[in-house]
Each structure stands twice: as C-alpha cells, then as structure tokens.
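Think of it as A, B, C and D in the order they're written, each chain with its own count starting at 1.
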Amino acid sequence: MKAANLAPLKKDFVTALRIIAREGLSDAFAHLSARVGGGEMLFMPRKSPALVKASELFVVDFDKAVPQSAVHQAVYKARPDAGAVFHFHSERVILLTVVGETVRPMHNYSAIFYEGVPVFEGAGQVETPERAADIAKLLGSSKAVLLRGHGAVVVGRTVREAAILALYLEESARLQAEAMKLGKPIYLDSAAAEKVAKRTFKPASTERAWEHYSAGVKA
Amino acid sequence: MKAANLAPLKKDFVTALRIIAREGLSDAFAHLSARVGGGEMLFMPRKSPALVKASELFVVDFDKAVPQSAVHQAVYKARPDAGAVFHFHSERVILLTVVGETVRPMHNYSAIFYEGVPVFEGAGQVETPERAADIAKLLGSSKAVLLRGHGAVVVGRTVREAAILALYLEESARLQAEAMKLGKPIYLDSAAAEKVAKRTFKPASTERAWEHYSAGVKA
Amino acid sequence: MKAANLAPLKKDFVTALRIIAREGLSDAFAHLSARVGGGEMLFMPRKSPALVKASELFVVDFDKAVPQSAVHQAVYKARPDAGAVFHFHSERVILLTVVGETVRPMHNYSAIFYEGVPVFEGAGQVETPERAADIAKLLGSSKAVLLRGHGAVVVGRTVREAAILALYLEESARLQAEAMKLGKPIYLDSAAAEKVAKRTFKPASTERAWEHYSAGVKA
Amino acid sequence: MKAANLAPLKKDFVTALRIIAREGLSDAFAHLSARVGGGEMLFMPRKSPALVKASELFVVDFDKAVPQSAVHQAVYKARPDAGAVFHFHSERVILLTVVGETVRPMHNYSAIFYEGVPVFEGAGQVETPERAADIAKLLGSSKAVLLRGHGAVVVGRTVREAAILALYLEESARLQAEAMKLGKPIYLDSAAAEKVAKRTFKPASTERAWEHYSAGVKA
C-alpha cells in the first residue's frame, strides 16, 4: 500500500488515540494498530496516545519485532477479520481482572460482547511472540480479551470500531463492578445477549458514536 | 403549527440536548421529542445530542413510524399532559435496573418521583408500536419509567421540565445506588414524599435550574 | 453599614458562590449569607450560585422573612460568633443522612468538625422560623449541621471560612462513605480530633485554601 | 550549587506541582522538595501547588527548620538515593489508611511498590524532627510510606520520578479500594511483583509518562 493511500487511515488512527485519551481509557500507555494488507500493519511509536502524531506512524510486517508489537501481530495472524487492534489499560477493566471477574452481558453495550470476554491470567507485560500467540488463541472469536492486572485487547473490523468497542468495554466493566457491589446482577443469557447485540451494534451506530466522540478532536 | 412559531421550541429543544450531553446523561444516543399540537411532535434525527442542530429537527405525526419514534408517540397518545418526552441511557439509571431496583424517594429530588418509577423488564431496544404501548401503559401517571439494561423515559410538561427531570432522575439513581452500598437507606413513604415534592418541584424551581444548566450552552 | 463598605464583602461572597459551584457542591440551589452588623445580613436572591452577581445581593434584618432566609437568620441569632452561614445540598453529605450517618473525625479535615455534626431528622425544606430555630438549636456550638435527605448548614467566622468548611465537610462525607464501604473505619476520639483540628484549622490555612480555590474565579 | 544551575530543576519542580494539582492529588496543601547536593534541598513556600512560582523556591540545608520541612529533611538524611521527596494528601491514599489498609501489588503500577508501603499510625501533622525521623525510619527502603488519616510521602531519584510515583500510588490505592469492595483481590506475591516492576518501572517509561502529564502545563 502506498503512503498516500494511508492518509485517511492515519487520520482515523490518531483521532482514535485522542478519543481514548480524552475519555480516560489510557494514561501515557496504550497501543493501537491497523491492518494495511500484505501482512503488514500501521503502528505507533512508544509515546502517549495523547501526543502521537500522524507523521510518526509507521508500517511494519507481522514478523518483525518492534517494541510492543507482539500482541498486535499475533491477533492479525489469528484473526483474518481483524482490521484494528487496540491494547490499553483502563481502570475498570483492570479492576475486574484483579478480582477474578470479567465483563458479562447485562445491558445494551455489554451485550455486544456476547461471545464472552476471556481473561488471560499471566500477570505483567506482553513480551514474547509465544506469549502473544497464547493471548490471541485465548481471544478466539471474541471481540475482546482481558489481561489480569494489566488491561485489555480489543479487536475491530476498523480503527473506528476498535475505538468504540474499547469505550463500550470500559463502560461495561464499570457497570459490572457497580452491579456486583449492589448485590445480584441480572445477566442476559448468551442468546438474549446476541439478539440485543444484533440490534445495537450496527455499522451505522458505530458511525454515530464515532461522530460523537471525534467532535472537537485535533488529529 | 407554522414553522416560524417553532423557533423558540427548537431553541429549548437543542439546549436541552446540550445540557444532557454536558451533564453526562448521554453518549451518542438519546432522543428527545416535544408535542406541537394536532397529534404531532417535534423530533430529531439519529445523531448525537451533542451535535444535533435546530435546522435538523422535524415534525412528525403520532402514527408515522420514523426511527426511534415509537416510545415517544406511544407516550403522547397515553398521556395528554405530556409536553415533552426524553429517552436516554444514563449510567446510574441502568445500574439500578440490572440489579432489580428503581429510584425510590429519599431526598428532595428523588421525592419528586413520588408516584413511583416502574421498571420495564424487556431487555434491548424499543422497536415496535406494541412494545412502545406496553411501556407507556407501565409508565401510567408517573414522571418516569426505567427500561431494564437499557435506560429511562422521562415525561415533562415542557422540554425544560423533561430535561431537568432527567437530571434529577439520574442524581436520584446515583444516591439510591450509593445508599444501598452503605446499608439501610431511609426511604420516605409516599405521603411524605409527595409533600416534599409539592414544595420542591415548582415551575419557578425548574426555571431556576434551567437557567443554571443552560448557562454557556450553545444551541 | 454603608453600601460602599460592603464592596469587599460582596466580592468574597460571590467568589465563595463560584467556588462552591465549580467544586460541585451545588447545582442551581444553595444560599450563602454574611453578617453585616446591626442585626442584619447580606443575602442573595433565588438564583444559581454560579450566576448570582454582586449587584443582586441585598441586606435584610434578622426578623424580616424573605425567601430561603429563615435558617440563616436563626443561626445568627443563636450564634454570636457566626459571621457567615452557608446552606447547600452536596451529594455525599446527603448520602450520609439517608443512611442514618454523619461526618465523624478520621483525617485532618474531618477532625476539624470535632464538636460533632448533628443531623436534623425532619425531611424537606426549611420554611418556618420555628423550624429554623430548631435547626439552630440542634447545631449548638458545632461548625455544621446536616439536614436529612436535604443538605447541610455550615457556619464560619467569615465568608471565606464558611466556604472552605463546606468543602472540607463534603470531602469528609465522601471519605466517611468510602470508609464505611470498606469495613471498619478507624475514628479519632474527640480529644485526638480536637488536637488535630487545632493544628490543621488555622486562619493562615484557610487563607491558603481560599487563595487556591479562588484562583481563576470570576466574581 | 549556583542559582543558575538550578533553573532546569526549578522548571521540573513547578511542573511536577502543576501535574499533581491538575490530576487531583492535592488541594491547597502538598509539599515537594529536591536534593541539590551539599546537604541541601530545594523547597517551596506554604502555598498551593497550583500557584507556587519558580521564583519562590528556595534552598535550605537539612538541619534548618522551616515550615513543613521536617519530613523531607529526615528522608534525605536516611536515604542517600533520594533525589526528591513529595508529601501529599490524596483521597484514596488517605482512604486506605483510615480502614487499616495499604497499597498492595495487584497490577502493573501497584507492583512498582513491591518493597511494601508501610503505614505510620500517628494521626495529624508532622511537626518535630523526631517524628519525621520515625517516619523516615519506617519508610526504610520503600518507595512510599502512608500516614494514617493524613496522606503519603513518596521518594524518587528525581523530581520527575517522584511525581510519577505519586500518580501511580494514588491510582494503586484507588484500585485497591475498589477491589476490596468487590470481594477477593488477587494479590501478587513479592517475587512476582518485583518481576513486574522491573519490566514496568524503567527510566524510559517514567520519561514517557512525564511527557504525557506535563503536556500543556504552564510552569
């Protein structure tokens, strides 16, 4: 893919980072990537999502190790439908993992994750391709996987979808934690959740949400 | 009603949407409507409350289905006193519904809902006129009804009142949740609550609150 | 007291209102007053603390009923040391009252209220001079009294002190609520709390806090 | 050390104060210091961290008592590796201390404090060199010590590190409190925590975090 063709993707990429930063899903650490075809992905340097510039993004193939790239590359190899991967460390997602819980379907947004959100139990950072492959395997066909004491990895068909799913995941984790504090959460079974997801999680809804969150963002 | 006459209503309508967005009661999804007489309502397109413009509002009659209109139309048909209907998905309101609770009178604002706040148990979105009619029936003569795992519908005599009631409902839900965490909430009985409501919820108070929340809003 | 002499007091008064609004202790409803000598107080109209202007403030004597004035007048009559009275409805203060609790000394700020913070059990608004006198009597020599399901009244020697005490009271209520959620709060006994208060609550500290909170405020 | 040489340190110092203020770790009260060699430290006047100017900073030796200096001086004497000391009163840190808890390793940031975070049980302010020496002794070789009902003291090799560690400590305290509310936190043992810390807490990571938090700060 030629550099000129990447300009719109880079704009979405940086906008997604700014949204994530503004909505409180990251501090200085979070990494987004986007598949660009030909076994390659657009990736970012080790820099705060609030500060990365489009001109600093770069393309790297799935077999070349660069800092923080392993989990992204492993997911693209395992999931042909993955167009973007977002790895972040938001507070409520981490909270659920350190008490042995995960996001479960209860409302319109959490129902979007009806395939289940597995939790990878290894603590600490992702460093090796082998560990990254284990995470991708655990992810399976889900939209997200949590990493205990660490954060989450979300998979979208596009950068926009990955960003919006990250917001929905964190909101769902917040609801899950609050509901657990109050007593007996009423969960949706898998079939009911899938039904809700089919009505709630449509491309047009993602576009509406993207329009909302990207308003006023400087990318 | 002629278009020229709708200008002040449209201004209040958009202001109400901005207030709701700024106060955190909606993300990209929430829908407001206002009765304009003659079996018609002013309604909004599928767009974030933070972004909708007055020029995008439109009038639709109570029997024509447009996206997201069903619950609004059903409420106007059932409630001649309804001048505005607001449907939104705020966090604490949803929280109560997923643990089988609702807003109950405890303080000056929650007492305003002394008629009770019923909870509609069907999960997911409102799609059919039949389902919308069921929700309107459950609402009865109350100021608000909650939808499990989904959100709330609030009814006001005016757009301003509906917006302020939405804020009071979410604050009341937050207080209810926090009080439940701490142990034994002291509820007001219905008569005491009604007495408080009569002193607290007056048109002049709504105007004072509207003046407060609309300060600095661009509509 | 001549109007010209009131200018500095009016500036502090409006600054205090803005601080309270910005720090989240009030929505559209809260009332501040300041003793001006001769059985009179400076008072405000029924308007949001975020919007009241210095030119709208007025002087009223302790026996003339104007809207919302009763509790202020009752406190000045009962407490010769009261230079300012602030009545507000912040979330955590209300929370404690609806579960039968009050602020208790645990840390440097809550210790300032070592005389105890009584709770007035009558729900709803303060309307009559008799009821206001009951509240003033319950207040006794304390710095604050809570009103169940309603809010708090704080007494300071100056407007600045009343504003800072209001902030400390709400922060203390938040800490109290959070500590109760976690299990067994370690309270300070009255003597230990008084000792902490003597070191923590000095005029110079109030001035430092005032300088901090009033920075950037438009009054 | 000559005054001219202190300019970069003063810039970092004031930037650190602004970060702490903006991130909600202090109100008007918090004190930072930085070792400047020769048994001396750079220190600040009694003024809000949001308002102190570089021109107000001053150098004082470890044996001269100035207001609020005791704990800083005691730590420098006890810890040759301490380049900066930060004493603050953030909400979640205080919360843990008033329920008899402390920060414990659970996630990437809390693991950084794998040496343990002791709690000093004496309530109230630090006033005497003797009491300050007791706190420094309790600190031992840890990165932080908590003071019951009061706040925390954090030690960094540099001003930047002390500021970032303060942010990590407060976030860790928030996670600890939330996890305790939900039931059974899964703690990391000391060896696992140290392993995580070695990968997470590197000078390059501190620089990345500093770049993130200092963006847009006026110092």
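Convention: a residue touches a chain if its C-beta (ideal position, glycine included) is under 8 Å from a C-beta of that chain, and two chains touch if they have at least 3 such contacts.
Just so you know, these numbers come straight off a predicted model, no measurement behind them.
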item	value
Superposition of chain A upon chain B: rotation angle, C-alpha, nearest 5 degrees	90
Computed distance of Cα centres, chain C from chain B, in Å	32
CA centroid of chain A to CA centroid of chain C, Å	46
For chain A, residues contacting two or more additional chains	181
Touching pairs - complete list by chain label	A-B, A-D, B-C, C-D
Chain D residues within the chain C interface of the complex	27-29, 46-48, 50-51, 89, 91, 94-95, 97-101, 123-125, 127, 148-150, 177, 180-181
Residues of chain A that touch chain B when the two form their complex	106-108, 111, 167, 171, 174-175, 178-179, 181-186, 188, 192, 195-196, 199-200, 204-205, 208-209, 211-213, 215
